[in-house]
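Below: one structure in structure tokens.
The first chain written gets the first letter, and so on, giving A, B, C and D; residue counts start at 1 in each chain.
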Amino acid sequence: MEEPIRVGLIGAGQMGFWHARCLAHDIQQAELAAVVDPDEEAARRVAALAPGARWVTSHEAILSDPSIQAVVIASPDATHAELIEGAAQAGKDVFCEKPLATSLAEADAALAAVASHGVKLQVGFQRRFDPAYQRAREIIAAGDLGPVELAVATTRDPLQTEHPAGGGNAAIFIQTTVHDLDSLRFLTGLEVVQVYATASYFGEDPGEEGEMDTAAVVLRFQTGALATITDSRRTAYGYDVQVEVMGPKGKVQVGYERQIAVRHFSAQGVSHDHVYWYIDRFGVAYRREMEHFIDCVARGATPEVGGADARAAQALAEAAARSLREARPIDVPLLA
Amino acid sequence: MEEPIRVGLIGAGQMGFWHARCLAHDIQQAELAAVVDPDEEAARRVAALAPGARWVTSHEAILSDPSIQAVVIASPDATHAELIEGAAQAGKDVFCEKPLATSLAEADAALAAVASHGVKLQVGFQRRFDPAYQRAREIIAAGDLGPVELAVATTRDPLQTEHPAGGGNAAIFIQTTVHDLDSLRFLTGLEVVQVYATASYFGEDPGEEGEMDTAAVVLRFQTGALATITDSRRTAYGYDVQVEVMGPKGKVQVGYERQIAVRHFSAQGVSHDHVYWYIDRFGVAYRREMEHFIDCVARGATPEVGGADARAAQALAEAAARSLREARPIDVPLLA
Amino acid sequence: MEEPIRVGLIGAGQMGFWHARCLAHDIQQAELAAVVDPDEEAARRVAALAPGARWVTSHEAILSDPSIQAVVIASPDATHAELIEGAAQAGKDVFCEKPLATSLAEADAALAAVASHGVKLQVGFQRRFDPAYQRAREIIAAGDLGPVELAVATTRDPLQTEHPAGGGNAAIFIQTTVHDLDSLRFLTGLEVVQVYATASYFGEDPGEEGEMDTAAVVLRFQTGALATITDSRRTAYGYDVQVEVMGPKGKVQVGYERQIAVRHFSAQGVSHDHVYWYIDRFGVAYRREMEHFIDCVARGATPEVGGADARAAQALAEAAARSLREARPIDVPLLA
Amino acid sequence: MEEPIRVGLIGAGQMGFWHARCLAHDIQQAELAAVVDPDEEAARRVAALAPGARWVTSHEAILSDPSIQAVVIASPDATHAELIEGAAQAGKDVFCEKPLATSLAEADAALAAVASHGVKLQVGFQRRFDPAYQRAREIIAAGDLGPVELAVATTRDPLQTEHPAGGGNAAIFIQTTVHDLDSLRFLTGLEVVQVYATASYFGEDPGEEGEMDTAAVVLRFQTGALATITDSRRTAYGYDVQVEVMGPKGKVQVGYERQIAVRHFSAQGVSHDHVYWYIDRFGVAYRREMEHFIDCVARGATPEVGGADARAAQALAEAAARSLREARPIDVPLLA
């Protein structure tokens, strides 16, 4: 057996915990070497998942550790771009949670660092590693639907899911819609040329910057194909991610509803539960994306969801934010 | 347009009402000419469904009316065989609700009268006219499952459905299981060679004869294929008729659950209604079986669900009753 | 029994045929008295559904017949408004297939005639009579979801469904989207204040006026609630009408997929059919809307889906068409 | 962190591999110390799952190793009882795959050894650790269905699943039906008082002892409640385990069908995949049962699925086999 890839994890929040768990228990080829978080207690708790992992409160200790080959960034969104740059300069391969950055300018700086230092970069669009999204893409790519004409994507997050604060009225697009934007690109293989977006806020306190919690987006692809995205962060009934993609020969529909395989029939009707937590829906995908990253690092291969895809989704999310501000559809330039 | 077939209906209960409604409104080729019921009020109410239909309290008036070409028997089970004989002697074609009779001896007498007078006979196994049962049979008959090996039939009747009193512990087999017995013969195209049955009673008053409301039956077919039937007359959640038939290449599953196409998602989970009334499940099948009967009468053709099928199901229901009494599997002779 | 309402049907196409069938067979209170169609053969065939119905090739014969109390208009869209005016002037109550008119100006003229002559008007938004839409509305109106925040409506029409020619790029909104617009108003009880729409064409010949066959629409309601509508006239898999409405406490989802209650399990997976024809999905709703109309005529009551609702949906469809032309969201004035 | 429980695995077949995987990767409290299999290659391959695990070809090496605290038996059925005895004598706690033994006499000898040596015993009825079975049991135990009246259990195994040879016509009951027997006891909390069973063989070679591959069983519980079980080892469409339990107030239905959350809609209808491999259905349950065992060993607690439950299921499976041989229902004594 080869030497495992030693990984440093930056960010010991909910998502960091999950990545740590996969690295420590599920992926034989990886070794969780260190966990960084300014919250010492959090760093210690997550490091405890792996025997031998140390914990620190500053990422410099990881970036300067030559025994660490790769870093996983699961820190607050606003720190992503700078950490990618730092890791690239330190010659570490990088897995970064989405979004790549909070602005396209930052994203470009980070990607430039990745390119000039020749490190690997994978971004956390886990839906691409979900077996259902992958099967749907195969059906579409095989031409079984004919050319894509129309798609409908929905993301519903329970009220209890915490979203990072800040970002103003663009935050819902950068944090949530970006998943739908990436997965529509992934599924259809098409590029978006126009974005229209609007949004509302139904929560109790939008903050000074006017956070939004409900969004509706229309995309036009280069072929004339259309898509809608609706996102809500306020569902009582559970975590619900679905997408339909249609062509002249048929459609594919992706989505789970039921979690536990029990239905209860009574005089009040038939009832069952609903998937509630995003890990319940995408736990396998999170594990598989990390396996892919570690495998690419070990083989010196380029990860499938790299900087170009992350930049494209970021650009569309920013176009959606601009559409909301300017109340008009925004044209998006096709990259060469 | 040809002259419509004038039909006399015997029995103005729930099932008689539904047949009258089909004859009066849905089937252009039929004319509901008269309705018989000892309950004058019931007869009058059902006759009112068709302009021109008269009502009487004794069936002789119908059997002696030369303008009436066909009778539909929806009277209590115990009267079926005798009414078939009477109708046959009067030269009327007969549609008779299941069961054909309450004993095989009576059934044989009725069938002899039908044969000797050369009238048509159709028995009310409406499942044979349900589009789902028909499609399942096509799949099986086309060999898409391979030779049938195993089947599972379930019939669940709500607590509120009234079943005819009397018949003792055989009643559930004669009245309810007979549908499953007939539909398994219909779907598989196979004959049963052995029947094991047991039953229980969970209601409040089994009566002197020891009525049963819950039954479990095992069938062995001539090929070694096996089937189970479970019947309950005590469901709170609705009317639920399902069947699965399996062979080495696959299975077909027949059954509806939802009535109204709405689902409600809340913090308590996902819920929807359930089909509750047998007419909601089989309304189309009841109409189609009557269309078939009227069409056969008009064309002088032999109905598809005639005396031989009804007798076979009756024989199996009696074997089930005997199995319950004798607490052992009962062999059933294969007819030539 | 009271005298039946004598009805004249204008238009003997597919929809006219279905209305005739309901009037002739299902609705005891109605009598199909006459059928008009410039195509003599079509008029004759539809009139044959009812004994005693006559057929004519010009609607004047119906409008001038004092024995006819009500007319059902199922002629080409472009004739609706003028026929409503004519019927109103003749003192007939009117059921008119949607759309009310092909422009808001025409619609207003027709509604003025209805008002000044004091006749009843019902417009053919049959979804309002579908048990599932009605149940969904009850759940919403009862507050079970909390205030509506987000809705997703989809209409998919098979390639084989013929749509009336003409109308240019507004046609898909006037003919198809209008159903979604009306049903979202019906379900949510809210008024729309802004419409954004875009559309594409994937068929073989868009005609000179640039017909569209695929549309995406975003609505903003007065409360900030958002909705998307996607419509396609090019589905291979069937007729598929669905809607989801969500509030902070849950969502309702309306929609059927399966037609026949059979599933086939094989080594290739599990398969079942899909509803294909709009009559299979909405046959009951078409019957119930016509019963409601006849009942209103008989009782002198005002139909539930009258001119105001039809005008509102028409105004939104026109706003969608304008949004497409001008490539920007269009504000819609709230009526007092 | 406490010292992990060192476990010896006996049997490196498919099920042994899965248990090894759980012990090596998922359960922090366990350490896979050694793997035994007469097939050296198999033992070596499974031992490779855990760093530090050794492999041997004879179980004596494990039973005599004082550092090993617990054994997991996943060897051929015919060896289970003797291995349990040996392990008990060596003072090891035991997890044994079902069935406990191939006859009740052997089972009793094994249980006596367990009792006299005071070791823990858990038997591999993994369905008891499936979240759906557990939720169903909670609903039933809470009285939400009222007293159980009727249950329908089905187990369908794909043609490709290998079953242990030998055992003659009792094998299907001992190996497969035993799961249904145990899970019906688990779900209903009731004891069986009578068993009727029949079976058929549709495969290519039943062997000298007359193996069966298709079975139908009827159970009567002490309360008069009835249940049917149908088992087939010949499904082309997948692995399909379902159960319905009904009382006067409702029913629960347990079962998954779809594996990957994609549906494909085309002109041929709607299709999706089916769960195919038993690990895909019960992977979580296998992990949870092993966690429970290790936790009981660590805490010195008594596992929930011990000898008494395993013996009861074994007794019912033997009664089924006897019913098949004697072609009559078999009474089962209620244990005090």
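Just so we're on the same page, a residue touches a chain if its C-beta (ideal position, glycine included) is under 8 Å from a C-beta of that chain, and two chains touch if they have at least 3 such contacts.
In this text the structure is predicted, and so the values were computed from the model without any measurement.
Counting C-beta pairs in contact, the pair that comes out ahead of the other among B-D and A-D is B-D.
Taking each chain's centre as the mean of its C-alpha atoms, the one that lies farthest from the centre of chain C is D. For this pair, chain A with chain D, the centres built from the Cα atoms lie 39 Å apart.
Chain C and chain D have Cα centroids separated by 57 Å. Those residues of chain B in touch with two or more other chains are numbered 236-237, 249-251, 265-267. Within the complex, the chain D residues that touch chain B are 147, 149-150, 152, 154, 156, 159, 194, 196, 198-202, 214-216, 218, 220, 224-228, 230, 232, 234-237, 244, 246, 248-251, 327-329.
Across the interface of their complex, chain A is touched by residues 25-26, 28, 130-132, 135-136, 139, 144, 249-256, 260-267 of chain D. Note for the complex: chain B touches chain A at residues 236-238, 257-258, 265-274.
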